[in-house]
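To keep things simple, chains are lettered A, B, C and D as they appear, and every chain counts its residues starting from 1.
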């Protein structure tokens, strides 16, 4: 790659652009994780995370990745051989299912087309059909990072309620937390899985669980051998501000700052910002004459947009050209979408001009890679951003632009 | 101002966006400025600056600003009452002239319209008319930061040669160095004035002089009282890697990294990048139907573009709206241009997508501020960037975009 | 605590003082973990770690802690119900044993007094007695962080060889790696467990395994359910420079710098430095008239020194006073040593003057906390440091000090 | 130099060890120096500096060094040919005097032995003898960085009052500000000169003036040509939060944090801390059997201690050995003290254990360099530190140490 001036545009759907204030916070000297300053830090981040998860339940922070948090959700609540209900919403749903199988669960896996979210009616049917209550957990991905499709968790919970089924509800919010409205307690979610490097605007290195009392009760019966991921010791130690083993100190420094930023902006504002950027992106995609992977309007992700390449064009060749020419990283197609889609991340620490730069890079890249398209996508996004900025600023609709 | 997510766009024509690698370098612990490691640092940055100035002459680095470097140029080479030739190219030329007068020089100030550069013919006439050789120095601004007009220094030198006049040639390269081609030795410049916070991609805090042997000889005769700005002690100490008083250590750390980046990209590539971004910006301005302040095609600055506001619209109200709505700082109109122009900085650590974001912000801001304009400026810039990126990538012209 | 000026002294035996160059490296923007720059980073750190482990085997880097690396060693190589041989060398040996039991292993746990290392003769006897070869692994802690006792791994291996037993040898080097000489291949260790925040001079957040071919073969038979900690996918992905799930990007930046520092100093010099600081510390302790926990001269740790408090004095009250008065964190007594010992960490990024400050803080703290002792410990350490520095500088023994 | 592990000990009397929180603050992105956030920053640092200078007068912050602030004091208040009274207290007093002469002042220079401060009786005599009131300013160095001698400014003012002389009082506080008690308003100082890199705990790059109304009135009559250093434009612009030319943005970020730290610790505590460390250092020097340069007990500097080398021993050879062996920078002998003294800086961001490390390094260096001395200096300092820490902690005198 030729020398690149200026800032890299990291527009994969996570890891996201980390605010420089967070990066600087992480560069503070490591401190004693058994000392009084550390105890204050622990409590502060645990409290802040609770607000972000919208839960009064328990929050567990592991040194690890989101994949580790998936494993923690399983091994704390279930036993080998348990039956769980999962949905093929995309690559990450597949990976979680494969993990469940590797660990010895029996997965009832509802097939999908990777362009739609979880069908709440199927949830209800499956649970209603489970007269013996053998399904121990419903495990769904809130926002499929591989497809840009967001499932409606409120509807899933409603379906479970209609079926009056006691299964646990476990939700992966890896690319939705702090980007797309998520309400753990309102939706009675039992285990929420998440991580640091998406909406929380940190580098990777923390896996998160938020845990309901019902999940905690399940943990007391769960039969999986477990040690690292055990909630019990975590929660017991956290109460005093400590951890049963050495936590990822410097990421916690960053987390403290990131939480402060999110709560200062206000979660509702954060969600509205992501919604608006996602809508602007979709307008660009449509103006280019390209197809959005997500089929249903109600399921569009506000974190990322996956775009189908025209037949005969390789998405990764396109992405490579964008990286070479414009120093922007776009998300690759994963699993069976390899080469067929590229993904635009528009989550995390982001704003209108970064989005304008991002969409401009896509548009120029399409030209450079000779991908058939119409120009004007970036312009369509701009028009939408300007119009809504006008509205947000409390001004009347513009009449000046010719 | 409402909470702002994402990166601020610092698009004033300096201070410019500092690369994060430079910022991190500056965060290294301060060291002994009389020790061996420091001596190596000194030599490294002095050598690198010579390459950037394109001179084999002497380079002086002051803790100070570009304004200090202006003063240093004067007090080292001239005497109170000396006559100098200066040109009213804009606000900074005015300020330098006012400084010259405050210090007691007699300034022959050629008036200008703030939309043109130095007229080499006038230089020749003035010098030719100076039979007594009373003009001690011709002092010009290479790139007027207040107007976006670049004077052609090679032409100025040619005019001086034609007049066979022995005056010193002093050039302010504050917003051109490392952005616009500048050739100190080839153009026989005697004193070059510059600073850290523009093309050198550092925070403010360093004033620079590059000095010819002729200027150094003049310094031995110069009558101004001076101490802080004296070159003699600086050069003598620098030879061993040290300074006559405490240098701005941590800025020098950053300078070392910034010079490495510039030389790694290659100065010709740096200049071509700035030229290309400036042309794209002008295409945007014209597409908006707005007027560029600079009158002549051959004098457009590659560092910044000053744009005239339509009559009845205040440039600062527009800038404030852009800052509020899009978290971008644009340059204000200075001196007699106050309220009449805004300036877009496109220099320093910058790339295509940052420029796309910048121009998008201007376009949306024009809409928001109800400034009469046509949409499509950002799009026009994109088209030019894409076409030239294509050429740079060695591809044939595109035929795919509809 | 009153306001504290100056640098905190982090003299727990890990996390250790992180070099500021490592902290700054970690503050670089997060990049795409599927891009070409990342692939280079991966290979660089994996290669560097191999040199530090002194192995040509396989290295695995987990987002996690050392505790996670313990678990990974177990679940990759063994099956529930397997029998393993472990030794009660201290608190961390106990914790590893408890983990093994939680996960379902049958542990033959050789009791110990927490003041001695692994007895190689017992290893030989136990293995010799295991005619059915039911012991699948010998699991030992190289350097007991809770006691400051280092077991001799070469002797353990020799004992296993004498017994001609096929058990795997697994070694925890959490507080020895890059501090105390460790030779994975020479000692035919099968799994080495380590982490980032001790001799590797990073913040916590990485768990490490180094894996022999024999261990890898065992992994193919191992019966534990596992997913996050599976070596197979890690090694397969690492070959191309990638990871099966998102790695802890910014810690890897720091790791690259830390490895460069260690290899630049030279591992033998690193070990010699730790040995010398440990000897100086022991001289101080003896001069104070206090007792070192470690019983045998040949087993003293070079990473840390655990000091017994005189009867009737609480080690934690002493530590708290040192923290209050001198802003230094010392290690607490763990498990059954709670209140009975304090631990002085002298590992990682450390030098003579930091050690002098550390021992001075201990000495002043003893006075402040009214712990019976003789003064002069810090002085005794200084004398040793000066004498050996003299020797290292190639000077004859001094005769000047009176 | 061999590879050095651990933290460098920067124990020159400035630049001092910069707190890492200040370094990290300086690594924040540069912002628009004409924008609203910057205006807040300006006011905050100007206010904080006023508190540190203990003045309700005017504070001016230049991009520059302390040397620049010397020049600013002169050119703003005086005219070429003016007569001033200065005192040969050491190297920096000499340099300031040389600057005054270079700029054209007539200096009445009271000779000194570089081991004593300003003699207030001489001030009174000189002023009393100046019947024509031709002395325009008394210019003194509060703390001579080259000698470790602090002049008593209150006594100088009292002498001036007794003489009822209208001369301005200008004081260099470069190495005393924020380290040694200084009371600008109480002592009716007219111009205080200072800089960033000593007690203010920043890297070099800021020159400071604090200015009384009387000095400001003098500025209106002063005849020196001046531009960069003019107070008038500075003060006028500062009122709105701005600067007449580009300020050193990122150093101001650091200054904001450093001021917060100083005011949080409390100036009285800051001074007491420096006094205590200076006394401990002197006890060490005396225990070594070496001679302190400063002759009078009442004039010992709390920022640094200059130590005379025994005859026949070169201070710089000793310093070099300390740097090589222990990675500590000590201050060199300046001017006529070259080779004869070394200086120990104990100012800025510092604490007991850093001092213990520092003195240990000196003691070991003396041994290594075969400088005749008694051991036990570091121990003597420790005894004093422990005893006073005990008192500060409100404990009775110790009886435990044997």
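To be clear about the criterion, contacts are C-beta pairs under 8 Å (C-beta built on N, C-alpha and C of every residue); 3 or more make two chains touch, one makes a residue touch a chain.
Predicted model only: the values in this text are computed from it and were never measured.
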From subunit A, the most remote chain by mean C-alpha position: D
Between A-C and A-D, the pair joined by more C-beta contacts: A-C
Cα-centroid distance, subunit C relative to subunit D, in whole angstrom: 44
Centre distance in Å when subunit A and subunit D are each reduced to the mean of their C-alpha atoms: 54
Rounded Å distance, subunit A centre to subunit C centre (Cα mean): 36
Per-residue overlap in subunit D, given as positions that touch at least 2 other chains: 7, 17, 20, 23-24, 27-29
In the complex, subunit B residues that touch subunit A: 3-7, 9, 17, 20, 23, 27, 261, 264-266, 269-270, 273, 289, 321, 324-328, 349-354, 356-358, 360-361, 363-364, 366-368, 370-376, 378-379, 382-383, 385-386, 389-390, 392-393, 395, 398-402
Subunit A partner contacts - residues on subunit D that touch it in the complex: 20-21, 24-25, 27-29
Residue numbers on subunit D that touch subunit B, as the complex places them: 1, 7-8, 10, 12, 14-18, 23-24, 26-36, 62-68, 71, 80, 98-99, 102-104, 195, 197, 203-205, 207, 224-228, 230, 244-251, 323, 329, 332
